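Look at the two complexes coming up: subunit A is in both, with subunit B in one and subunit C in the other.
Entry: the complex of A and B
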């Protein structure tokens, strides 16, 4: 993975929030993920196969997801099921949009959603994972990109 | 006054299904079903005979491109709008070659969705 790869994911993330909410998120400086878990309330995980292999996940807070759900569903009260579903959809959209750069050989899986802060997300071994901090409004999220 | 067209919504995210249904509520469309995977989508397609379909690509069981091919074999007149996160040109071209009338990339706003559906249905 190099800086260009990270830019594709940063651009895709910024586009997601801007398109849905009309408000750009602020992305922090990416850093290499260490042993410390990077897990907030809900995480949406996408497996990557084809020419690139690895995984991408977004992890975020319940409050941010509630806010997004209210925008998408026009002020409906978001249930836990909606919040979980939306987590997967965000991961799917950010990962799917980077095919603009990588082409159709960048294959994405359907999302897997993990609820809870207790454990870290298991990533492929021997592959560097980068963490991209995202702040939208006052809500913190992280996009973790782990690609061979 | 338009006669209502029968709409099938296919997406593995029920949030997206709800958003599509809500945003299109003022259109002359009657939702005849929603499906969260390719196999269920095809079954509903056969059973409900929709005029219009919104179709995701990345789904469990059977992906949207295969579903599109099958739907077009069953009814060549159906108007299918692919709504997907897959932003590459090759997938968009493939969908159009297979018979999709429109290809819209997620994320979408209510305005973008309404404009695309209006264009597809010739309601502008």
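Entry: the complex of A and C
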């Protein structure tokens, strides 16, 4: 995992929020993921295989997704399904950017949406995972990148 | 054999070459075929020109591909989501060519993209967590010079590929590990262990500070903490002459320092820091693994205590000689009152660290260049004297030198004048506070302050080491005469430890 990779994932995520909501989120200080779980209410997971293997996920709170739904869909009372779709969409956008940048020698999975605070998201063993806190409108989310 | 569909018809026709007699042999042929397909280790199947599998395929192919009920499944669909799309496209092209009668089979086979191809398997979440390396071999099955099928055999070559990968990885790492090994062999196991603990401690500190920075607006403070920890790691690595670790830490420090000029730092600016941190952690794990492997050699070849003492003095001499030469200084080293045998085994690393640190700082900041000493009518050869003593339950160490210490004084004045900004009066600083001041780094990140920073960092390192063991530091100096550092380390704390280690001596 190098700096360029990590910057790329951060930029993809930041751009998504900025383009969709017109408001740029704040990137927090990245840190190494330890044993403790980094999971909020909803998580969108993308698997990466091929020349490089790993996993990327974004995990966020229900409040943030409801707020996002309000802006994108003009929907004040977003259902659980809408929220899950939105999580998938965020992950899918990141995945799309990754696909574009990494080319056809990489395999990018369809996003998997996990609802609820799972114990943790399983990541490849013996590969460093980086956590990037992202704050949008005071709502906290985490982007977790684990790529060999 | 019941042959109804288009595939089966063509398949049976290939065996129908001897008229009625072959029909009589059909039940036997069917039995043999079934046995082959049920028991073959290799995956075997037939592909028609639509790239569909016919009903005759070996049981093992289901196990190899992890898919059941393969009859009439499209081969390309099977590949989807298991191998990269680029290889799938190449496979389509290749199979198209394999079905062209006018092209030479042996030539086309050279283009087979499915040789030792990594197949990925999804877990319950749809994420690829496992993989296998499979090799596909395609052979044309013809009837009347027309290609009817491709007989495909599949082998799971994972074991071979993984072994090769491991071998290659080992080869790639061997040189680096050999360098590391050579670099750590000269260090005593106890010292290395202590070093590892120290590095681990500082890395955890950096990790924690990054993790808990969340809403920290004061990025400069963050950089300062990281810098301090790295400086400690670098200091410890230098003391043990672990060059690769020193170099790695230097690279990390450079990245930290590169952030110093940024006025408006964002979280993303810390990406190089966290990546370097990950790299450093990996290195520590790797070096610890090497250490574990060689530790039994260390124990087996452990040197005698007298020789260890000699080694300590020699390494101090060597430090003085090399550093003095570099800085165009001359030093006479007096160690006749330094009795290494009075130092308990578990204090030896600590004593070595302290003396290395003090000697380095003395030569760097205290001892004048030869020309300067001559110009002020001093002996061109400076004097550094170390001594040890045991007094009132304490192990004492003294380092005295006759270098000019006004540079240190200037540093102190500079520090005091900085503190004055915070309404602290110069006159209020007394001995203990001066020591305290010297041991409190205040990173300014400017060239002018570099010496001051480094000195303070070293002194802070010394202070922390002493604090861990319940030790004390006293500095006595006069501008024109000498400077003396006195270190006191409690012996009582070490009794139980030393007795348990005495058998090693």
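Keep in mind that, in the parts below, the second predicted complex is superposed on the first by the 143 of 148 C-alpha atoms of A that agree within 3 Å, B and C clash if a C-alpha of one lies under 4 Å from a C-alpha of the other, contacts with A are read in each partner's own complex, and residues count from 1 in each chain.
One rule holds for everything that comes next: a contact is a pair of C-beta atoms (placed from the backbone, for glycine too) under 8 Å apart; a residue touches a chain by one contact, two chains touch by 3 or more.
Remember, it's a predicted structure, so these values are computed and weren't measured experimentally.
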Room on subunit A for both subunit B and subunit C (clash or fit): fit
Which superposed partner A:74 touches (first subunit B, second subunit C, both, neither): first
So, does A:93 touch the first partner subunit B, the second partner subunit C, both, or neither? first
For A:66, is the partner it touches subunit B (first), subunit C (second), both, or none of the two (neither)? neither
Which of subunit B and subunit C A:20 touches, first, second, both or neither: first
Where does A:29 make contact in the superposed view: on subunit B (first), on subunit C (second), on both, or on neither? second
Contact-wise, after the overlay, does A:52 reach subunit B, subunit C, both or neither (first, second, both, neither)? neither
Measure off the angle at the C-alpha centre of subunit A toward the C-alpha centres of subunit B and subunit C in the combined model, and quote it in steps of 10°. 130
Check the residue A:104 against both partner chains and state whether it touches subunit B (first), subunit C (second), both, or neither. both
CA minimum distance (subunit B, subunit C), superposed complexes, angstrom: 8
Going by the contact definition given at the top, which residues of subunit A touch subunit B in one complex and subunit C in the other? 103-104, 106, 109-110
Residues of subunit A that touch subunit C when the two form their complex: 1-3, 6-7, 10, 26-32, 34, 45, 47, 49-51, 53, 55, 103-107, 109-110, 112, 114, 122, 124, 128, 130-133
Help me check something: in the complex, which residues belonging to subunit C touch subunit A? 81, 83-86, 89, 118, 120, 122-123, 125-129, 131, 207, 210-211, 213-214, 216, 219, 222, 266-268, 270-272, 274-275, 277-278, 281-282
Would you pull the subunit A residues touching subunit B in the complex into a rising list? 15-16, 19-20, 69, 72-74, 76, 81-82, 85-86, 88-89, 92-100, 102-104, 106, 108-110
As the complex stands, subunit B meets subunit A at residues 12-16, 18-19, 22, 58-60, 84-88, 90-91, 105-110
